[in-house]
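Consider the two complexes below, in which subunit A is the common component and subunit B and subunit C are the respective partners.
Here is the complex of A and B:
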């Protein structure tokens, strides 16, 4: 009797929807769980302004995680550890270009795109065409970028400010809603369509899921992977502009703290680290989860050390959960 | 007749993997100072037998006596400690160690506190000198060519002074001169009283080196021949390998193949796998590729599909010169591959049927950025219907399907293309009977309507016999025979595969 009702349930439409979006549901429940803990242990944890602030900060993590997801989705142990440093270097240079004037925003955007293209092309060529391990290539690139930043900023204050338009987009709010959240709401459907409905996205996921099959089906896997690094770096560069807009000034470590969260958000969002699948909605939920976790740990007085330890533990736990799930199949 | 001591005696060995019976009732006797050859077609159980003796697999039934004492090894290490050494088909060397380090690996001896490297090098030198005097034993293994690697593998086995040496296809990667020095070494070992089991697909080698042979067919030994007593008759041996009597096969319907050439391949070369392969494919023809396993058939199919940028050939499709250095070129020229390993080469397992079936279109330049969803879903449903793929809907992940239906999806990828040449690599591997019939029915139907021509490689000779109009036999990367009409029968295939005729 019980087994039969179980199989009936497994055939039902509701079960199928739950099964397909299992990872999204896990990420969502994790967020709810954190808010419940927060509400009981910390006063005024669950207030509207607190939630909105969380969303604002999570938006930046979600944007960096988008770069990461694209680099990972193409497979071949893809990963981009240089995203945070890419954002920093763009912020530092474009701050000097803009110096607080809207009229120079166009030049700043062009500079950001150019920088992103060059760095992405180097990352992509070294990993896709010369087959060097992405982990090492992008880590080395991160170090090189940090080195350039250090030399540029050595012995002087970083000058320049973002243009007012950028500040409005990244730091200000419309009514009570932070503008950056609107930006993410606009970007998300575009990303979803590009990844899941176009030739580009399908080729990217196909190359990640089975390189040989994709190649034998006539897809230029190397080109696809190289392109994914170019997109990742260029996006990271643009995020550097937004980060600058949010902070109002550029400083040495403004982007590097986002590298680890960007990977963590991808994992929490249920993206396979071997490539070939991934849902950006899940990644956004992952970003919100991480930001909420940070808030909670800070509110509990655990500080920065607690935040990083917490991230690490969550990463381990989820990787074990997802991997054991795959093994069962 | 002077009978030396029985070193090994295996009786009534039975082994099955899942539902497949690899050995049903196999017997084998090896004597000290003699070389025993193991012969049989692909999948007749030769390798399984060797692996059971050395403890890689355990037998379901039967007894193995080693020097008169019943043994049952749990792994090759236990067998090795007892003096049974085996050289495996797939090499077991460590690429980043050098030759002598590999030879003494696992047998290192200490001299005081440190390893006795000098002694190990001298020991290795002495063995390698017999086999391949020119080889520098300080060379890293990854710098060696396949033949040299095989020699090192054999040297490693010999270095342990085995009483019984099992050589499974040791000559496949070797050149003539290397085979000769291997045979000299084998004879020297036998003089010292070692027993050797030797398997090879090259019948002449077996006849040259072996004292007696055992023939396997369908997991049982069907003949034991002592060359000194019974003489050497290759035709008789072939007869044992194929089985003399064959019941009449279902009548093959004669097809009319037009004289028009679709694909012409001249001097296809690729690395050491393909050497000067040339052939023509006629319109509406099913051209078979046969031969022993691993003679370059797999590489030929992939080369025709454009998988090897390093392959060179003059290819003409319908009198037009084409290049086959990228899969995209082959696809644009309507040459489409159904690869042999569908999970590794053909499918995105976690993706939907729909994605899998439309995927090859994405590589086409005329494919727009946005996929025309309605049109593609209609086409996809058409594919599912015409191949009768059993599934709930086209959004199910492919790994929810059975093996046969997965194979249909791989074929289905090309259905909405105008295929001129379909390359089928072992399409019935791991496919149930019903799905196999569906597949071949569909393909034969398409060929009959002169819609396409097919190049079919199958590891099972029955499929080749049943469907092919012409059959090319491959041996060491070359086409050694072309069979037509009545010549396409099991006996001729095996004989030409083993180069007896």
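Here is the complex of A and C:
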């Protein structure tokens, strides 16, 4: 095939569709691959209850990855490293507000929304309007949020419990299916429609794909990016409520371990880290893959060390696979 | 005549004040003065050595980070890389077998170089955005460090304290001990780092690092092997991390998989405060030193102001945000001024 026809082929819509599905297929094959390995090395790896538990735990990764995906989609090398800490701080504060009562759920949700809004606004302003590197800003924000938690919890125990409604939503199951999976099933189409069928999604992807083109066609790119951080933080805050519902209590490090998986899930799901893209179904597959990998490594007795090494290597390899921009002499 | 003289003084003063680095130096002097006031016996030899010891890791990491940032990269893995090196060193060494210290030096250096190479290949060769690729590798280092040391600990040989306090080594010759009293080992490590960069900055590599960071495309078109230059920048960074790890192991005599985590962000922030553009190609590694000093003095001030320990993370986060946003505003405004003065 000559170079010209090759470029023509790469420009065609058909190629782009194949390309997008290629990444989904890779993510799916990776999951199957892990289950095959698990079935051979660990006994009773592929049982129904195990799969359902994997789905439940993966749902939380997928929810955090949704925040991440929205921050990334706006472009400008966007990323939000503060999501996990945002969730923790909300959980810690709202646990004290709710004290296990349903009647205070409304106040708790309002508090969560308010907290998320403020943090997102700061993140968004610093990255979009001051053009500071998002990773550095959100990492510093993570430090600040952790600092607030440290100050709040200094010298006393974190008290309070989630309202029963939250516990039903996040921790309980209907029949054999965990409720959180149903929640994810409801959210997914809404997200996909918002991103792919509305003007809002078009603006977000436009800002990410080509900043100049978006600006010239009248999109306020800075506002869009700032908004994406607000959405990301607010969502993370709400996820904090669900996390609290699942765990039953709030503790200092409950959300911070989700930051790395949330980014890895987005990358495994085939979403471009340069922005302008966001297939949430892929991200969910990515989350399931990461949870399966965790299960496998824990079953093999490698614990936390194995988990982080595994996540790091997978992320590193896929980054090179998907984002490599090698110069050829 | 008098008026003319006044004008000359005023213009000299104005030139000094409008110097790009003036605010930084002013802040440094202010922080220095404030610390001197707050710390008892600030000018006593003992306090000076203690201060140098507590500043050393950040200074070394900041200088390494500065090299990477100038080359157009950014390394989010310095903290975990440092942790991993301490874990490696303390896993190789066996107490009471002095020769294992030599093995530890060699193995730790090799691991440091390997980490630099992996980051460099990701950044320079595959050209994946540096922040995200080093974010990924930081978890690889963390995982391996946790494999080696699930909990802080490990063994060291006695002479490894040569990197921290020579006096503590019983078998050390008296002359060496006396030398250690005058010049603390930490200072020697910093001077080593400075000499290293001084030599490199005078070679082609030093200039290429600036060229690649400033404009990778034109550097490439000019025939510079940009990938190799960025890999070399990461390797230089690794040398600085290695030096910091030696100090840490000498000081704490143990390895800890989590101890470097807070240093990553501080090193980046110190680089920014030192006036090095995060976009690369501009700034001086020695000013990174100034940035690190400012940060170190700030943390001393927080310590001496009797602020409860719980506030430390919060304050350092807030200061980092203010510092980064402040320098960015300053850079943006001075650039605008420059453009306006060009137009008129």
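The rule is simple: the second predicted complex is superposed on the first by the 303 of 329 C-alpha atoms of A that agree within 3 Å, B and C clash if a C-alpha of one lies under 4 Å from a C-alpha of the other, contacts with A are read in each partner's own complex, and residues count from 1 in each chain.
As a working rule, a contact is a pair of C-beta atoms (placed from the backbone, for glycine too) under 8 Å apart; a residue touches a chain by one contact, two chains touch by 3 or more.
These numbers were taken from a predicted model, which means no experiment stands behind them.
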Exercise for review: Could you look at A:214 and tell me whether it touches subunit B, subunit C, both or neither (first, second, both, neither)?
Suggested key: first
Check your understanding: After superposition on the shared chain, which partner residues are touched by A:22: those of subunit B (first), subunit C (second), both, or neither?
Key -> neither
Exercise for review: Please indicate which partner A:172 is in contact with in the superposed arrangement: first for subunit B, second for subunit C, both, or neither.
Suggested key: neither
Review point. Where does A:79 make contact in the superposed view: on subunit B (first), on subunit C (second), on both, or on neither?
Key: second
Practice item. Using the superposition on chain A described above, determine whether A:306 touches subunit B (first), subunit C (second), both, or neither. Key: second
Exercise for review: Scan A:277 for contacts with subunit B and subunit C and give back first, second, both or neither.
Suggested key: first
Review point. Is A:199 contacted by the first partner subunit B, the second partner subunit C, both or neither?
Key: first
**Study point:** Superposition-derived comparison: subunit B or subunit C, residues of subunit A touched
**Key:** C
Check your understanding: In their complex, what parts of subunit B are in touch with subunit A?
Key -> 305, 307, 327-328, 330-332, 337, 339, 344-351, 355, 359-360, 362-364, 367-371, 373, 399, 413
Point to revise | Interfacial residue positions of subunit A with respect to subunit C in the complex | key: 77, 79, 126, 130-133, 135-137, 139-148, 150-151, 153-155, 260, 263-264, 273-274, 302-313, 315-316, 319-320, 323-327
Check your understanding: Which subunit A residues qualify as touching subunit B in the complex?
Key -> 197-200, 202-203, 205-206, 209-210, 212-220, 276-277, 329
Point to revise | For the subunit C and subunit A complex, residues of the former touching the latter | key: 74, 76, 118, 122, 125-129, 131-133, 135-147, 150, 220, 226-227, 262, 264-265, 268-269, 278, 308-318, 320-321, 324-325, 328-329, 332
